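Structures follow.
Two complexes are shown next, each including chain A; its partner changes from chain B in the first to chain C in the second.
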Partner chain A sequence: MARLHLKDIRKSFGETRVLTGVSLDIADGEFVSLVGPSGCGKSTLLRIIAGLETQDSGRFEIDEQRVDGVRAADRNLSMVFQSYALYPHLSVGENIAVPLNMRQLNALQRLPVIGPFLPGARGRRRAIHAQVARAAEMLDITHLLGRKPGQLSGGQRQRVAVGRALVREPAAFLLDEPLSNLDAKLRVHMRAEIAQLHRWLGATFIYVTHDQVEAMTMSDRIAVMLDGELLQVGAPSEVYERPADIRVAEFIGSPKINILPAATAADGSIACLGTETRMAVRGAEVRASQLGVRPEGLHLSREPADFTGEILHLENLGPELYVQLRLQGCDAPATLRADAALLPQLAVGQSVHLSFRRDRALAFDNDGKAVETRLLDRTPQTTPASGIKPEQGIAPDLGEERRAAHV
Partner chain B sequence: MTTYRFSTGETIKHVVLILGALVVLLPFYLMVSTSLKAPQEIETNRGGFLGQQEMMVDGDCVRQGNAEEDCRQRPVVYNYTQAFEKAPLLRYLLNGVIVTVSIFIIQVVVALPCAYALAKLRFRGRSLVFGAVIVCLLIPVHAIALPLYIGLAKAGLTNSYAALIIPWTISAFGIFLMRQFFMTVPDDLIDAARMDGMSEFAIVWRVMLPAAVPALLAFAIFSVVAHWNDYFWPRIVITSSQELFTPPLGLREFKGEMADHAYGPMMATATIIVTPLIVAFLLAQRRFIEGITLSGMK
Partner chain C sequence: MSDASLKAPSLLPRLPRLARPAVRADTPEASRARTGVLFTLPAIVLMLVILIVPILMAGVLSFTDYSLGRAGFDWVGVQNYEHLLSRSAYRSMFVATLTYVFVVVPASVGLGLGAALLISSLRVGGDFYKTIYFLPVMAALLAMAIVWEFALHPTLGIVNSTLAAGCDIGWLRGLLTGAWLGGDPAASWYGQGCADGFPLWLGDRDYAIWTLCFIGIWQAFGFNMVLYLAGLTGIPRELYHAAEMDGAKSGWERFRLVTWPKLGPTTVFVVTITSIRSFQVFDQVEALTSGGPMKSTYVMMYAIYEKAIQQNLIGIGAAITMVFLGFVLLMTLIQRHLVERRVHYS
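Our next item is the complex of A and B:
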């Protein structure tokens, strides 16, 4: 159990600046996801935490103790790797026992052949055996203990890797994209298992992933990283609903948020694609130049509404429907999430009217920073014609599981 | 039933391959055949592969005053017993084992940490060191034989096992081969070992060595064959002590002492010397080829 404290961590590889001053506090027992596209520095940050890489500057503390310069083995952290990194020549049981052997046996007792006969080795080996058995039982891999990693499936190897990590009860677990080598179905399953494991152990988890669905579903807090800096750290719902930066908004959420060009008038009111949005910025100097509308915030409408667009493509996912549109006055295609029941009424090339939910729309300034907005009036929005109720346009709150299955 | 069509290309390929095989196999055929035949048959080139195996009289035996009756033997028995009696062949074989095994073990002890450092550790001058290893690959043994000999002589080490072993303990080829193999071992595995509490040396012996067994087997065959068959170097550093002779040096015994008639025992000795290598290769063949293609992991 541990609190981790990172202060202004910087790291460059040659000319490339990988981390440009990362500060992060992680509470005891918290599940924090580091999420970002590949190459954003999240794995490097994890490796610095693990002690496999040294930062150029900045400090890192575990429970108020500075551990910079302490080697990986002595930090009492354990790590699960993307490739599982099981020792191919050892059986599952021996793999799980390695971290215990290295800590609880001395160099002589670890020797092959004669080691087991040295004084004291017998009792310790028996204790290690019991710990391995307990870990295996917890992960339901007791029947695999005698096998070699080469004989296991991806999911089983994953469990063994987790077993090796948890058997020595570390201060914190570091997981480096542990699910990305699994197939989609198994990934959903293992996601739930890891979250459950975190609840059982109550240990601190740091989870690196490029998959925002994993980050959203498992974490207490998400830390969104881009180009070597932390853009936003917060609860999943906060990061999703109130992204601090347009890059965060674009990275979190699938399908991607629709970014529409907007303009701010002198009185602060925002216009988007030639339509008055009846939204205004808060503050005099603030200018919103882009409007972000999530796919579930756009609705089809029978009557002329905020925007008009042409359907480019329809994707039927079963429970819901993604409609790709070209909005009038906007080059980039927009995506709308609708109920699959609407499919018979829609066709590619058809021209449609669209409205959007003002309370869910996000405004950003020229630099991409989020801008606070207020609604100018509370007049009811255009009532959609019969057949298309607003609720049908809004995606039902699907479990992330279901969404992930199509990612 | 499958029918085979005549193809000129295939035929040419096979003719070339058969000719190549003959060139390689004929000396072996002659060696084994000679080791089975009586001296007269060898001289007149008769008797086919196995020889007639008629009883022959051992001249030395008669000269020592034994009755002719007691000295009659089959040629094959004569050749192979002579191989062991005229020279201490078992001693030579033992020397061969001591020298080749020592060389191989020390080569591994040196090459594995070197290869690990060159493949997996980042340090200043790494590519320079690796370049030096490559350059060492290009230096022929004979070019440095004289300085090596003088060095050993000054140290008073000629006519010892040390002289046979020490010059070969650092194998640039071994370092190169193992380095190439270690490059294919995933970095995650090494990081996992570090997280598990292993030191860098523990990683070499507990993680890399077991993973590298196929490559090591390939290297073992290169190394053991080269030093088991080496005639050049033992001939230089072993000048007086016959008890240090390696098997190839032992072959000279027959040439030197009995210039005329000892082809039978000589070829019997040669057959005995190559047999362990051929048996070892056949046993390890599959893994040997695995190691050469460097596909041990994954």
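Our next item is the complex of A and C:
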């Protein structure tokens, strides 16, 4: 197991700058996700870590040992590829055995026909066989060992690829979008399995994904990358609740965070869409020009509240409801997350009042950097900030329905 | 009551029998099947007329002594085939053909693969080499054979004059005669050549078939190279990366683990095509040696041409043709077996 240390890694392909100075420390046994949209350089970074690609500048250490010039085969890392990259002519068992064969048998002992009869080969082959069997058992693919990859389903191939990676106890596991070729249901299942595998092995995992849900649910820490730059590294909850950059706020969270134009007065108080937010920036020079409110931070209100808007579209997901709105004074549509029980009371085109949770609102300056804010009045908000009181709404009935469903 | 119940069974089987054909003919499946047959009919007729019937006719003629222009023919049984097995000219034919096939196929496949691997590893200049190696494929072999005839001419040809020029350069002669290995310079091949003259490449029975093999390889490997280049582009880079991560450090290991297995389908195709084309070798034989000297280059295609066309012995020509078809069919069957069983994984 290993600690990984990346310092100011830069990489360009011709004129295109793919990585612009990435520094990252990964602790022993940590599960770190590199997350970002396609083309942000996260796969390139992973391949530099793996040794399949060479950085233009910067240093990379594994356990305080610089490995920049060391080739991939000697770094003792293992990788799960997006396409699984299984050897199609070898059976599942042979596929899993390849990394062991390459390392534990010499060139003569690997020869197809005479190899097994050379001195020492038999014992080692038996040991390899046992290791393969153990890995297969761990992943529940023992019954597939004799098959060829072409005869397996996507999920089974995925397991074989993981098995090939874990069979030789590497310093760290690198996973390059391993779930993106699976269907949605299997993805959820494999997500849990990989997280569980990480707990079992206690090894360092670096997981590249463009799917923020995978990153949020599996990792100890998330590293959000955009345009070849690490924008923020932190625990999932931290990245979600206190994004350092508006791009992080926009990338993490589904549906997307609502960005509303704001203005900062001379005294530091923030106004948004013509409403005093009763929030203020900390510090004299700081100016907040945008306010980010997550869909669950916006609430429908009976009485006139912070904003008014018109319902553009309703999306019923079953347990919850996404309401697309056009806020007065703002062109971009906003999204609100509400209890699905409110659906009968809402209609497209309806005009509604909205309040927002100030303690969850995020302020950003002109450059998109997060700005620290304070609440101006310390009085607790009139709870619930969502105007529609439970006794007036349908929420209790829904509760009863849910209970009934459970019985 | 009882009448009706007695009559009913006798009526029942008759009714469906009348009704069934009408119903069946009108089902969409039946009409679709009829249309399908109708659509394939031209192809079937063409295939019968230009492929199956001629082969059957050749098969029939191979048991006769028919020759073109004669009103009739006599059945001679398996006499033609007997000749193929007993006469020394035909034994030479099989020896020459199989020598050519077993030399040209491995060499041109191996060279094609090697050239493709080298070219695909180039960053620049790949197109240049591709063009050069592909030129012999594009050129008409008959024309190229004439160029080779000039080059290999015993006295005027560039090959022998170059070799002879080397005899006058002391160090080169020493190198080529193997004197530096401690051998007797005069006894070596090059030493003898310098003393007695270099071989008649196309006129010497010990050299002619090998010279033709060389020309055949020269002509065929560019085509195999192009096929292998196409095959190489189909290998996902991630597989090489996986091999690297798994510890395959040398190029040979990567070749064994990834390249060669993934080129399996290409190899089967290349070997089959090259084998069939090698069995069909004709141009350079006709242009350069006419099957000689002493039948040492008397390959099957040339034998068919000589017997059936030049000497108008259709019967024996047809018999050779049938044997030839047998070889090609065998190649095709082997290929099908390999394709289905061994080399296609997913």
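As a convention for this text, the second predicted complex is superposed on the first by the 379 of 407 C-alpha atoms of A that agree within 3 Å, B and C clash if a C-alpha of one lies under 4 Å from a C-alpha of the other, contacts with A are read in each partner's own complex, and residues count from 1 in each chain.
We adopt the following convention: contacts are C-beta pairs under 8 Å (C-beta built on N, C-alpha and C of every residue); 3 or more make two chains touch, one makes a residue touch a chain.
A quick note: this is a predicted structure, and the numbers were derived from the prediction, not measured.
S.K.: Just from the overlay, do chain B and chain C fit on chain A, or is there a clash?
M.R.: After superposition on chain A, which the two structures share, chain B runs into chain C.
S.K.: Which holds for A:Pro344: it touches chain B only (first), chain C only (second), both, or neither?
M.R.: Neither chain B nor chain C is touched by A:Pro344.
S.K.: Give one of first, second, both or neither to describe whether A:Lys148 is in contact with chain B, with chain C, with both, or with none.
M.R.: In the superposed model, A:Lys148 contacts chain C only, not chain B.
S.K.: Of the two partner chains, chain B (first) and chain C (second), which one does A:Gly69 touch, if any: first, second, both, or neither?
M.R.: Touch status of A:Gly69: no partner.
S.K.: A:Val98 in the overlay: touching chain B, chain C, both, or neither? Say first, second, both or neither.
M.R.: After superposition on chain A, A:Val98 lies in contact with both partners, chain B and chain C.
S.K.: According to the stated criteria, A:Leu52 is in contact with first (chain B), second (chain C), both, or neither; which is it?
M.R.: both
S.K.: Quick one: is A:Pro119 in contact with chain B, with chain C, with both, or with neither? Answer first, second, both or neither.
M.R.: Neither: A:Pro119 stays clear of chain B and chain C.
S.K.: Where along chain C is the clash with chain B: 6-14, 168-176 or 222-230?
M.R.: Looking at 6-14, 168-176 or 222-230, the stretch of chain C that collides with chain B is 222-230.
S.K.: Output the chain A positions appearing in both contact lists, the one against chain B and the one against chain C.
M.R.: In the superposed arrangement, which is not itself an observed complex, chain A uses residues 47, 50-52, 71-73, 77-79, 81-83, 85-90, 98-99, 102-103, 164 for both chain B and chain C.
S.K.: Provide the residue numbers of chain B that touch chain A in the complex, in ascending order.
M.R.: 186, 188-189, 191-198, 202, 207, 210-211, 213, 297
S.K.: Name, in rising order, each residue of chain A that touches chain B in their complex.
M.R.: Of all residues in chain A, those touching chain B are 47, 50-52, 71-73, 77-79, 81-90, 98-99, 102-103, 164.
S.K.: Mind listing the chain C positions that touch chain A in their complex?
M.R.: For this pair, the touching residues of chain C are 236, 238-239, 241-249, 253, 257-258, 261-262, 264, 345-346.
S.K.: Chain C touches which residues of chain A in the complex?
M.R.: Residues 47, 50-52, 71-74, 77-79, 81-83, 85-90, 98-99, 102-103, 148-150, 164.
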